[in-house]
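These are the structures in question, set out in turn.
In what comes next, chain A is part of two complexes: it sits with chain B in the first one and with chain C in the second one.
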Partner chain A sequence: MNRNATVWLWRAASFAVAASFIALWQLIANLKLVSPVFLPGPDRAWTSLVRGFSNGDLGNKLAGTLEHMAYGWLAASIAGIAIGAIIGSSRIMRTYVAPSLEFLRPLPVSAIIPVAIAMLGLTQAMALFVIAFGAIWPIMLATIHGFAAVEPRLYEVARSLQMSRLAVIFKVALPSASPDILAGMRLSLTVALILSVVCEILAGLDGLGHWVLLSARAFRSADLFAGVILLGLTGYVTSVAMSMAEHRLLAWQAAQR
Partner chain B sequence: MANAAKRFEVIPGQPRPQIAFTDVTLQLGGKTIIENLSLGVRPGEFLCVVGASGCGKTTALRLAAGLYQPTSGRVDFDGQLMLHPRREIAIVFQDYGKALLPWRTAAGNVSLALEAGGMPAAERPARIEELLRTVGLPGHAGKYPAEMSGGMQQRLQIARCLAQEPKTLLMDEPFGALDAMTRQGLQDEVLALVAASGATVIFVTHDLDEAIYLGDRVIGLLPHPGRIGIELAVNLPRPRDQLSTREHPEFLRLRRQLFDFIKAAEQ
Partner chain C sequence: MTTDRAKEKAKALLLPLAVLLAFEAWARATHLQSDSLAPPSEIIMALAGAFADFSILTATRDTLFSAFAGLAIGTVIGLALGIAFGISDTLNRLMEVTVEAVRPIPSIALLPIALIALGFGYRMEIVIVAFACVWPILILSRAAVRSIEPRLMEVSRALRLPAAQRVWKIIIPAALPRIFVAFRLSAGIALIVAVTVEIAINPLGLGAGIMLAQQALRPDLMLAYLVWIGAIGYALNILLVVAQHRLFGRAALSGDSA
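And then the complex of A and B:
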């Protein structure tokens, strides 16, 4: 009861903050503190958003970005979990491979974009590669950590049950590492969105990144802001959806606290 | 040496030991933990192992489970060299909190052993319910280990081990972390379960009374390196009873003998 009330209070407070933020934005636009060419008010951005959706343009762009993001993120997840599992479940691999990973990880993904373009051209394949490459790191490192941290006693239980290698991976190691893996996947979601936009801008691929770029070039600031708002919403909604999935999948963890 | 090696060959008229250690030596990290241990456990026997902390009880049990391979000598199970752990040998770990899958419910944890044994999914629920009832956990099937008390978690681990339908049950101080009342209750439950299944048991404990109360035989280990220091046959009538067995003159005599041994070992 009390807890519920607190939750609602927090929600009301954050809603109020958002509302006053928009009000401030409208005020600045109305007073023309910034030229309307660069800063449209929320009213104009909203109109543009509605128009974009009603004539289908913005919907298509959104679909494009979601597609880039989803494919890149899924590819990163599959490869990241698989590679992370192989490295994390072997001590030898951890000692020899982990240091090179630590060297590669801080490398900005932007540094490999020219390499990817040189190899794959300005194509969807290039975008997929860049997004997946950037998004793989949080997932892979989290998986390595999760696999390395499996309780050794559980492996002994598995051995005395004579479980197959595959069964050990799917019934013991993966579930045990799942909190780490899911946290890594949530971080990667943001990375995938950012890189989708970057690739769309660079390669002119259909998506919100391209829309934002074209709007900026044409000084259509309302359209530009509509795109930016949509990108923000995309990031927010996907991350909330991911949190909900985590909550469901990790219900057993709630019992531990 | 030759004598010890011959000890466990099949002798007509005598049952072959289910688990046989022959001149077993184990080194870990360059240190000899167990030295020249020879020991036979008859089918259906309840063997208790006592000894000071660090004398090698857990290590000996892990050898019996096939989790360690001896540096020299051999461990046999049913007359076959033990090369790896096997489903017929179940092990109840002391740290039950670590030996259960926290993401599976009580039913799911029991199911793990049934799955490993290849039982069809349709038959599992009934068997799980039966096993949970056997260990006194009916109605807790949907609980996660973290929602259960220590005693309940240990019962759950025992249920999973029973699901293996083991010929041999290895128990490493299974009740060490439990309070006296829970402990006595579980002692009697284990005796009843073992009597019903006919399993062979090796039971490691710190508690000398517990060892005599449960066992057909008690061995005491000496440390550095681990070896057998005393071996006592327990000729107390079964079924055992928490009051009368513990007051039995034979119980008191064995208890005295074991205490003297532990005291002497500590000096």
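And then the complex of A and C:
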């Protein structure tokens, strides 16, 4: 009980510090130390946020970004786990294919955007392809790694039980690789958000990326900050949700240890 | 042993070589006319051409300059905050909400802000790269400082070292292997963010080069840029991994899991 109280006290103090930073920001804006063209006060950003939501503009843009991110990320997750499982469960694929993938890993994925534009134009399909392509790497490599790191005795058990390859993948390898896979999916979530914003900026697709760019072009700094705050919030909420999902899904492993 | 490793390497090269040859053969057989694809031989010619007129070298210099300048600034800020938060638990707890509120902002979302505040050019790119690099350095150096052997800290207290010397003589050397791991991660991020900013909006460097090649409907040049960007990313990674092993040997491996 007592320890709980101190934890809450620290939290409250920490929130107070954050609040004082916002107050400082307000002060700087009020004193016009930085031109209001670039830096709106938190009051103006908040007003813009409320106005944007009440007339539905900002809500639509947020939904657009979330949609791009979710479709791309889900496609990447399904394809990444499937391809990773195929490569990870086969020794031949691991020697011949995995090194090429490791070689491609340090490639800045955004460099694929011009190629995707050349193939698919400035379209929704281009955005989905880019997001999925960028988000697939961490998931696929984590799956391969997770499959390679499965306790060898589990494979031996599976063999002595004469399980089929599919059964081995679903009953042995996937569950035991799930911490790696989920960690890869969490990394991919950030990648998906960043690439969604970049694609929206480039292709003018409905979303927060497009919104912040238009606001910047028109020097509507309050709208711009409202968009950036929403993007930060999106990053935060999705990562918290992913942690919670990870916690839930891996509870059985924690219990086992 | 060495022949075994050579054999492994040869096996690893087999697939990319086969893919390239097949693609070349297919492109020749069908007399490929495309705005988005070009056979490997043409890509190599385009790359050679871009080297010959120095355009790709200038672009590389611009990109690497922005990436490294941003990385340097981000590292200094991240390290200062990370060490401060690592030493002082009070400070760390007080700043927790602020850090957690700012950290999830995707670096690229700052692009429009940097654009209206600083305009096109090196400065806005450097600021965005620096913002992206601060966080991994901050988080990992904070963890590194916290995991320093407590007896080392006791020694520094017994010696009554002033704070600056304690940081310089005890904390930084003890945490350096893990800090270098963070630096390696951030260097990769710096290159990615720099290229991304250039592709999205900033008219300089490799990212702008590849966009220009796409808009000029030069798939050979576009793919040449892509290959070159990949090669730079790969070389940077190898360089830093080798440096890490040379400088810290096994000591650095313990930090890799963090």
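Basically, the second predicted complex is superposed on the first by the 239 of 257 C-alpha atoms of A that agree within 3 Å, B and C clash if a C-alpha of one lies under 4 Å from a C-alpha of the other, contacts with A are read in each partner's own complex, and residues count from 1 in each chain.
What we mean here is this: a contact is a pair of C-beta atoms (placed from the backbone, for glycine too) under 8 Å apart; a residue touches a chain by one contact, two chains touch by 3 or more.
Values in this document were obtained by computation on a predicted structure and should not be read as measured data.
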item: Which of chain B and chain C A:Phe21 touches, first, second, both or neither; value: second
item: More chain A residues in contact [chain B versus chain C]; value: C
item: First (chain B), second (chain C), both or neither touched by A:Arg153; value: first
item: Which of chain B and chain C A:Val172 touches, first, second, both or neither; value: first
item: Partner chain(s) touched by A:Leu213 [first = chain B, second = chain C, both, neither]; value: second
item: Contacts of A:Gly56 with chain B and chain C, given as first, second, both or neither; value: neither
item: Which superposed partner A:Thr190 touches (first chain B, second chain C, both, neither); value: second
item: Residues of chain A at both interfaces, chain B in one complex, chain C in the other; value: none
item: List of chain B residues in touch with chain A within their complex; value: 65-67, 84-87, 89-91, 93, 95, 98-99, 101-104, 112-113, 115-117, 144, 146-147, 164
item: Touching residues (chain side chain C, partner chain A) in the complex; value: 8, 11-12, 14-16, 35-36, 93-98, 100-102, 104-113, 115-117, 188, 191-192, 195-196, 199-201, 206-207, 210-211, 213-214, 217, 219, 222-223, 225-226, 229-230, 233-234, 236-237
item: Of chain A, residues touching chain C in the complex; value: 10-11, 13-15, 17-18, 21, 37-38, 95-97, 99-100, 103-104, 106-115, 117-119, 190, 193-194, 197-198, 201-202, 208-209, 212-213, 215-216, 219, 221, 224-225, 227-228, 231-233, 235-236, 239
item: Residues of chain A touching chain B in the complex; value: 151, 153-154, 156-157, 159-163, 167, 171-172, 175-176, 178, 252-253, 255-256
